[in-house]
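Pasting a structure here, questions to come.
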Amino acid sequence: MQLETSSWTEVEDGAPTTALLPVGSTEQHGPHAPVGTDTIIARSIAADADRESSLDAVVLPSLPVGVAPYHGRFPGTLSVSPETLRRYVRDVVESLSETSIETVVFVNGHGGNGDTLAQLARELTESPSLDLEAYRWEWMRAVDDHVGHAGELETAVLLHLCPDDVGEPVAGDAMSWDDTVDGGTIHQFTDEFSENGAVGDATGATAEQGKRVFETVVDALVSFLERVDSSTGESDE
Amino acid sequence: MQLETSSWTEVEDGAPTTALLPVGSTEQHGPHAPVGTDTIIARSIAADADRESSLDAVVLPSLPVGVAPYHGRFPGTLSVSPETLRRYVRDVVESLSETSIETVVFVNGHGGNGDTLAQLARELTESPSLDLEAYRWEWMRAVDDHVGHAGELETAVLLHLCPDDVGEPVAGDAMSWDDTVDGGTIHQFTDEFSENGAVGDATGATAEQGKRVFETVVDALVSFLERVDSSTGESDE
Amino acid sequence: MQLETSSWTEVEDGAPTTALLPVGSTEQHGPHAPVGTDTIIARSIAADADRESSLDAVVLPSLPVGVAPYHGRFPGTLSVSPETLRRYVRDVVESLSETSIETVVFVNGHGGNGDTLAQLARELTESPSLDLEAYRWEWMRAVDDHVGHAGELETAVLLHLCPDDVGEPVAGDAMSWDDTVDGGTIHQFTDEFSENGAVGDATGATAEQGKRVFETVVDALVSFLERVDSSTGESDE
Amino acid sequence: MQLETSSWTEVEDGAPTTALLPVGSTEQHGPHAPVGTDTIIARSIAADADRESSLDAVVLPSLPVGVAPYHGRFPGTLSVSPETLRRYVRDVVESLSETSIETVVFVNGHGGNGDTLAQLARELTESPSLDLEAYRWEWMRAVDDHVGHAGELETAVLLHLCPDDVGEPVAGDAMSWDDTVDGGTIHQFTDEFSENGAVGDATGATAEQGKRVFETVVDALVSFLERVDSSTGESDE
Amino acid sequence: MQLETSSWTEVEDGAPTTALLPVGSTEQHGPHAPVGTDTIIARSIAADADRESSLDAVVLPSLPVGVAPYHGRFPGTLSVSPETLRRYVRDVVESLSETSIETVVFVNGHGGNGDTLAQLARELTESPSLDLEAYRWEWMRAVDDHVGHAGELETAVLLHLCPDDVGEPVAGDAMSWDDTVDGGTIHQFTDEFSENGAVGDATGATAEQGKRVFETVVDALVSFLERVDSSTGESDE
Amino acid sequence: MQLETSSWTEVEDGAPTTALLPVGSTEQHGPHAPVGTDTIIARSIAADADRESSLDAVVLPSLPVGVAPYHGRFPGTLSVSPETLRRYVRDVVESLSETSIETVVFVNGHGGNGDTLAQLARELTESPSLDLEAYRWEWMRAVDDHVGHAGELETAVLLHLCPDDVGEPVAGDAMSWDDTVDGGTIHQFTDEFSENGAVGDATGATAEQGKRVFETVVDALVSFLERVDSSTGESDE
């Protein structure tokens, strides 16, 4: 169930117990991928997992701006501070308290949001005033391989999801996140180690490959949702 | 230009001077209209105004959750505090500083966001550390008639934009926002004066009517954008 | 009962159940009206309503500075941010928790405070940790006519309350709050549409007229207080 | 010049360079003194000092609630947190930036506000974005003797200023602020060491004594204002 | 028990009921005393009091930076705002909730932290969500004499505790905290009244004197801890 | 140069251009390692790097509490929120503005602090009001191997630095940070996957091994400091 297009009576009738909150980012993704890449992917994964899962779930509207200051020197990048993201997501989740929702899963599409969402998930779960549990999930963590930034895997997923929004895939000016030397962060902004903004080589990416990766991560999310589903958990353990 | 689906190089090439930020809400809109009504309408208006305007503009991703605590007792309503909305939007706009953007217009779809966005627009415009001007725009203010809540006009616009997401239009359990008596706010939550959540009678709404209203407000926004466009302004005055 | 001039033992003996908090503003009111107009009127209304009401009420000290940045370019205007006003009023109301007070009414004299006080009233009423209810009341909302800014009605009330502090009434350089065009806020500061700061024509204002308006709004507040009084409410409804 | 009763044109004409901000408190002052004692005294001192000083000064409206949690168990006490007081006063002072005001003096009537106002005065004076200097002044610091709380001196000043608001002066249930033992604060609330809330013996207080004390502290403030006046300072040093 | 060097199993076995939190400062202490003076002394007192007390206590790691903006013009001074100190200490104390700790004592070494810690102690003690009591203790308050700043007493204690870190004691360029005139704070920064930063004459300070002072204040703290110990308190009173 | 034990005149004479801020944590480290492990190691590394480096550096006092809520169910763990840590460190670094310091390096001993310090370093470096650059450094990042938590490498370093504070090394109840399944964080607290709190097998750890690791990371930090030293940088590029 997509929340945006449902009426309140449909939500009442559906009485979903699990809410998926896609959290994306608006940030440079090399010269070939859209700046909304992380939002597009997170939103699509959540929608598909909702369709495939047998749980009573609802997909909340995607949050389009995350924590991405290190991409800030490229046009088209938007960013909010970790504390701002925390407050916004916290308020959204508090809105779900005293509803049918028992479990909230952050479907995260951007690594820079990870730490903030992880801390918040713990904070919400432990809060005595909230009657629900929150979890962090990240598609990059459900993939064995290294995802890069606008690299092969990410570009492949985009070619599967929205080929019209993808330009001619390029090789990134860096092959890895090349910012740390001697244990210290030497480069604090992406453009200091990748002029075109991409990390990894996307030239070989294909829509078929993207479809496989996408299905894998959707399956992983479905599996995760069932694992943390409160009602399932209670009957099983 | 839609930011979400553009690459950073396209943004650099386009060098837009005006940014439109649709700000919506996720809140009950009676039994027939989707909870995302305000986001859907704001997003659609911004997209159309961008297409029709001759300015170099970019439409930022829509913010889907606004200030709507008074609808909080209906399932499907999400809300953030005014201060949280202010912080999130402020961070987004600060990301645009030192880019080609000179003017930011909040395309607001929800009355409850109005005061916060108005204050913030003033704060941003006056800020000595930001090199841009911000403005509040609200589609309900561009319409002569009373819009209500999931009433005739709003429902008509939805029937024009997304008929599949609209149920059988109903008459609201209130005909006006019936919360104030003797100068004081007697009802602080919508359900205290409208059991089905709607305000106004939507039973006569038509897609044709919605098309006319929609085109009117898009034209109003286009006109407003030209008025506040900095470059235009400088040459004209 | 005026809190400022009462001792704690008098408060204990009186055991008031309703608290009135006048919230004013310090802002330009044209060349003839004092910058404290909103505070003066709110304070006077609260005092009179307390005297006329049969409830056990207490009038808290007036808050003299509200949200008025749009008047900021005129000398003598003070302003706090919405979040600052919210925090200050919230702390004040929290001080009343676990006392005899069951109901708090914000007697607001300035439109710019309205949204913040409305949100806060709801927040306080819903707070599980506070054992009281809070309400927003505004004298401008208890008047049928348009009040303007240092216009006829407001000036008349001042001529009734404090004629020595009122200069020669003038016609405002604007007749209405002329800041919105095509649905957008084109002028963010009062001086952009009214050079002398006033909105409406005060030249015909009289003390007699002011007395009538004042008595009407005081009666409205007394009526509102009885309506929201918890003990009354419980026995009546 | 009193700001509250002046019009903006009068403020513009007066072009005051010094602003006095009375900061009071609403808190128990024993069974005989009003809870507004600190506000009443601070406001009166500021008004008199303004009248007697030859500087171009303006008295801002008094802030009626300060930091007084330790009196919180007595009815009639209101309190805000130090951070809330800081924000409110800071916003007020920022409103004075880019006006004729060059110096702001906090005329403090309550010891509990002292540390917050001292820190803020320093912060404002040092702020590169504000073109004024701020200072803390406290009437209790201008008196050689120990002032107590609703004790002889404070009660005497009240008998001079507002005899009708003062009940039969009593001896406090404590003669000194008896809260510290072995270097630690053993009592965190006034009622733990003074059942009637007063500290010191007010039974001998007279209006004549109060008049002398009051005139002394007003003279001290006038002297202080001249000392910190920027224009004076520049010509003298 | 020192927390830093204990393992969690040792803490579990020890089950301490009292926690001592040394709060210091990093700020100029004249040309002869280290900038860490307040931290060094607070830490040493807490350690000794823990050893001498018969209570089950634990010494938390010292907080090294406090509220010291008035020393900010001297190299080597660090400072945090009162609100920042409050948040940090509050978070630390909240970590102790739902553990064996029943009482927390702030062992404060710096006057500038005093007000913030006093307010916080009250706030924590009163908090319904925290099951412990917090107290402020300051070594300067356990000494009859005037301590000054890098003056005789403080320097003597340092000569006892860490003679190698003390240079040749000097006489301060001020003999008292010379910042207030006519009830107002005329000097907001230490260097305005003491060029070398010291207040008081340390030339006669000796390690023997310091040992006596130190032992006196440690005894005072031990006595205070026993007084506020919850279990003791309950059985005794 | 250690700041804590230096006088302000020594700091003035030394005029250090680089500041090292050790940031630790107080959290369970298995049954054999002290809860202050991260602080002890960070402090020791900073001290040694300062001694070995040829730069004019100063070591600030260590911050002893970081972001460690996931260890919160073990006695002896303290934690602050990311926003609290950010504020505290930011205030400390702002104290260094307008001094001789040009570069600040966070010498971090705890992974949970990493994201907050990285964001803050970027924020400080970019701040137009601060005339210094800030960097994040973490000893775990300077080691090729997996460090674990109270595992072999960390325990070895402790055996080198403070053998008396280390108990009999044990094997952790988990061999890796076993909290993520299917891309989602299934365990939000350490005790859910390691009953004794340790991650990795420390039974083979030796002081000799620890000495080698320690020297390696100190060398890495020295190398990093030279790389980011502003004066060096300017002459080289």
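Here the chain labels run A, B, C, D, E and F in written order, and each chain numbers its own residues starting at 1.
Operating definition for what follows: a contact is a pair of C-beta atoms (placed from the backbone, for glycine too) under 8 Å apart; a residue touches a chain by one contact, two chains touch by 3 or more.
All of these numbers come straight from a predicted model, not from anything done at the bench.
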Chains contacting each of chain B and chain D, listed by label: C
Joint neighbours of chain E and chain D, given as chain labels: none
Relative to chain A, chain with the most remote C-alpha centre: D
Equivalent interface positions on chain A and chain F, same or different at half: same
Most distant chain from chain E by Cα centroid: B
Distance between chain centroids, defined by C-alpha means - chain B, chain E (Å): 54
Centre-to-centre distance between chain F and chain D (centres being mean Cα positions), rounded to whole Å: 46
In chain B, residues with contacts to at least two other chains: 81, 83
Footprint of chain C on chain B - complex, ascending: 67, 69-70, 81-83, 86, 105, 114-116, 118-119, 121-123, 125-126, 135-143, 180-186, 188-189, 217, 220-221, 223-224, 227-228
Residues of chain E that touch chain F when the two form their complex: 3-12, 26, 28-36, 39-40, 60-65, 72, 74-81, 83-84, 87-88, 91-92, 95-96, 99-100, 162, 165, 167, 197
